[in-house]
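Structures given as structure tokens follow.
Below are two complexes that have chain A in common, paired first with chain B and then with chain C.
Presenting the complex of A and B:
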């Protein structure tokens, strides 16, 4: 489409502006997390300064940030593992049974992901309180699975659809059982799908805030709630907030840089193919 | 179609002898046995989702008919009929929250769509470096909304924030981004637009790259202007994707909470109090759980309508793909 050099320059200029707008906040998080508090808001902004790791040091010494990272990891990994097992099985069923009723079930499962969390947070709070699960990682694992199972089902369904049934039948005629066929023939072929679903479940659990805020106290607090809590102390600790923010955004950035080609399917629940 | 034929060939190729031996009767028998086992595979997910989502929703429904007010512990939590619903639906704050939700949705979705499609057209040009640009632009979506809220709070912050400083350099401002009722909703929209414009960029770019080149060549030969080609050739082909993206964003925008919680907590006054913030305030600031639950149910009904329309369009486009 681009023909002349002038047009090329224009395209690059526009892209430069777009990158400037979209990358500046991310750059700010990194730079501010390394800035000494004295020059945090200096005018004009200090582009050259002696970077300090003080804020990161504070994060782990004045706050139990390592424990909160651990909580987030336990919750995210627990929910990912659970959702992957349950979701993959359901996805396989939905992919292999092809009729109208199973489609309705599939859409029902998908709709569970779309309801506003705030609408169910009160019942969750009351239920978890009555069974003593408030402020435990298990509560968050359960809640996040209600979002992660539908995601896994819809991602994996797409992958199972690609595995020809004739392949499975051949293995079964060879004398392998249905379950053995599933584990030894079908599942290995959909390994990339499993990896993608796992990473998505992990990131969504890691990034979640509302449920973590409402359903945890000091014991099971996750990283997002912890970073937000630096805000409510008497003086706003911007350096610490930015250092914490940077730690929180690392998994998402790694994900984007390593498997961006799966983002389309994952974020649109398979309604747009990448 | 070519894809399916290829798969069949691959499958048959892997076990030519067996598929001959199998015969038709046996393979349909296996298929039907597989189906019943598949149903068992489906069971855990259905049971778990029922227990973890339908049950809390029914609980919320039960709550919405009760006088469940934690600020008045000595009042019995009796059945009050539709009182909570009547209060919610006739109260100004709820209607205001509903209007604010849709206002914010209209602001963010329209800008995200136009910007996202525009950027997609730029980054799908066949020029060096575009793949890197496309990847970098995906990052905002994967950042926790709380962190997005916090970094924009850093930018908007009264007196200190850098945004007003840079605007003052070019002679604008100062603007009370999160402190004035005139600007607060715009401030939130900007943060949301920053995070989710890449969503439209990503979806549109994926669709653009899968378009077949033939209509373009024909259009070029016919001597059409570039705008006409976009308007009459590209846009109609993008429409199904754009509709999907709009629905998905609308469903998400309806739930917006984190960014507002960080930036304004619904204020100043009630300028940014969307539905989720209204429910939050009723339930956890005024401790009126019954009223909060009633409002939750009204919002569930609204989102169900949105989701139903989305599924209809999704099923239609899947049917179109199958053809």
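Presenting the complex of A and C:
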């Protein structure tokens, strides 16, 4: 076997191991969500069984799970959109302003991301309670944005740095203002960056549990909290938990697949000079 | 009326002054080249004319109007950048359309201008391509087309050929010259390449360290360089420089440089002082090979054959000299020595202390 064939085999083997590690839990969730409760914990494990959709049926009939999915969608999409708008504009300013202090501003923004969520969850609870925002999607959108905006700023700054200023100067000489230049010249060139930022923001917001648990009740509860509500001190409803977990996976996968074209470009851009 | 006038224009970055009091008049339709080494301030000066850099002091006029505080879009200029600055996500046609958008022209007028520019520059088959699908020369032509469609009063070029290979550079240089001849628009062109400057310019502005060293036609700067910097910057190979001192012989001043002796040009005889330190300059092309008679014996260090001509790297005593002769006249292979003569009509004399050329 030639050395390049050996290298290729090794690479595929490593990919296979990584896929196995990451896909096994998802496989277990899916299989468990289709297993009748009686065979879920059988020893040895039942690989052959009659699949059932009972757990999915219970999920959507015993709780308003569709409303909780909607809450999660509103919160995730809302936070993603807001973070992209604010973060992108901040990133552009940081990229283009030639000022010693701007690096301090950029670091301060990044430091927000380093903050442990557990340290701020109680203060947020008190603040939102006092202004009447507890148990509303807006509260979660605000909280998630404080974590998503720094991430967006740092991602997009890198992409804006790659756009040559000569392009903007050319547009300026042609007669275009700053806003037109930004939207027609600079921003389209950073579309892969926007895709990467959008995916990270959405996934963080969609999967978040702590703030959703502490800041929401019955009205604005999200899917992550809803799934865990099947775990009580009396009983753990594994079937419904597994069904709920699998349903929670789907929007994230759809979102990533939608942005896939730009995602690959965005994650590898900058590694090779164009 | 001057198309572009710079009066004592200064540029500072904080406390550091990088362009010092530049005065320049560019006549309408003139092709003016700002030439100089890297860091001399030529691009900074061009960017001040474009409005991409603020002017720290002095006045800039374009078409008779002071434009110090006027936005680039209102200066009636168009610029061709070193790296083309084509919008990569737009086709060639869209690049040109985008350049015309702020002018709010009718669709017909836009189509007309684009068609005309495409025809002149040979871009018609390329209109639907994106910049990544074009060669370097094609991209440069698109950049020129994008500037052309705006029908500006002044074209600004910032080292447009520096990213092209030698052959393409010659080709595109010719196209720029033809374009200027056809359109007759004023051009301000920045380059560090003296060949571009000499072949394209009506007027060359030679800059060094933020100062203008000399302004003149290509013939003037070549034949009558104002100082040592201009003398050595213009001309390839560079002018031979020989340190000399002024002495007297038979009541006439002579210039002695080691074993070399030159008769001082008659026009300078009265201005030269005894024992004055001067630098004698002779262009390689003003040195000829002689068989006998007045001249100097020189040892041949290296012969460089260039096809139509040859460069002879010679040594007379400790003085190294380069002579440029027609290839047919070059000494035979393995020849160790030859005899050369200097054309007295083309001697340049510079004051060594100040570097300035001594002229009548």
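As a working rule, the second predicted complex is superposed on the first by the 224 of 274 C-alpha atoms of A that agree within 3 Å, B and C clash if a C-alpha of one lies under 4 Å from a C-alpha of the other, contacts with A are read in each partner's own complex, and residues count from 1 in each chain.
Here is the rule we use: a residue touches a chain if its C-beta (ideal position, glycine included) is under 8 Å from a C-beta of that chain, and two chains touch if they have at least 3 such contacts.
None of these values were measured; they are calculated from a predicted model.
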Partner chain in contact with A:184 - chain B first, chain C second, else both or neither: second
Give one of first, second, both or neither to describe whether A:174 is in contact with chain B, with chain C, with both, or with none. both
Touching A:138, do we find chain B (first), chain C (second), both, or neither? neither
Between chain B and chain C, point out the one touching more chain A residues. B
Between chain B (first) and chain C (second), which, if any, makes contact with A:250: first, second, both or neither? neither
Once chain A of both complexes is superposed, is A:195 in touch with chain B (first), chain C (second), both, or neither? neither
Which superposed partner A:166 touches (first chain B, second chain C, both, neither): both
After lining up the shared chain so the two structures overlap, which partner does A:62 touch, if you call chain B first and chain C second: first, second, both or neither? neither
Chain A residues touched by both chain B and chain C? 164, 166-167, 169-170, 172-174, 274
Chain A residues touching chain B in their complex are 1-2, 8, 11-12, 14-15, 18-19, 21-23, 25-26, 28-29, 32, 41, 43-45, 86-87, 89-90, 92-94, 96-97, 102-103, 105, 107, 109-112, 114-124, 126-127, 142-143, 145-146, 149-150, 153, 162, 164-170, 172-174, 178-179, 203, 206-210, 214, 224, 227-228, 231, 238, 241-242, 245, 248-249, 252-253, 255-257, 260, 263-264, 267-269, 271-274
Footprint of chain A on chain B - complex, ascending: 7-8, 10-12, 14-15, 18-19, 21-22, 26-27, 30-31, 33-35, 37-42, 44-46, 48-49, 52-53, 55-57, 59-60, 63, 119, 122-123, 125-127, 133-148, 150-155, 160, 162, 165, 194, 197-199, 202-203, 206-207, 210, 226, 241, 244-245, 248, 251, 254-255, 257-258, 261-262, 275-276, 279-280, 283-284, 289, 292-293, 296-297, 299-300, 303-304, 307, 311, 314-315, 317
In their shared complex, chain A is touched by residues of chain C numbered 50-52, 72-73, 77-79, 81-83, 85, 87-89, 98-103, 146, 150
Going by the contact rule set out above, which residues of chain A touch chain C in the complex? 164, 166-167, 169-176, 184-185, 188-189, 274
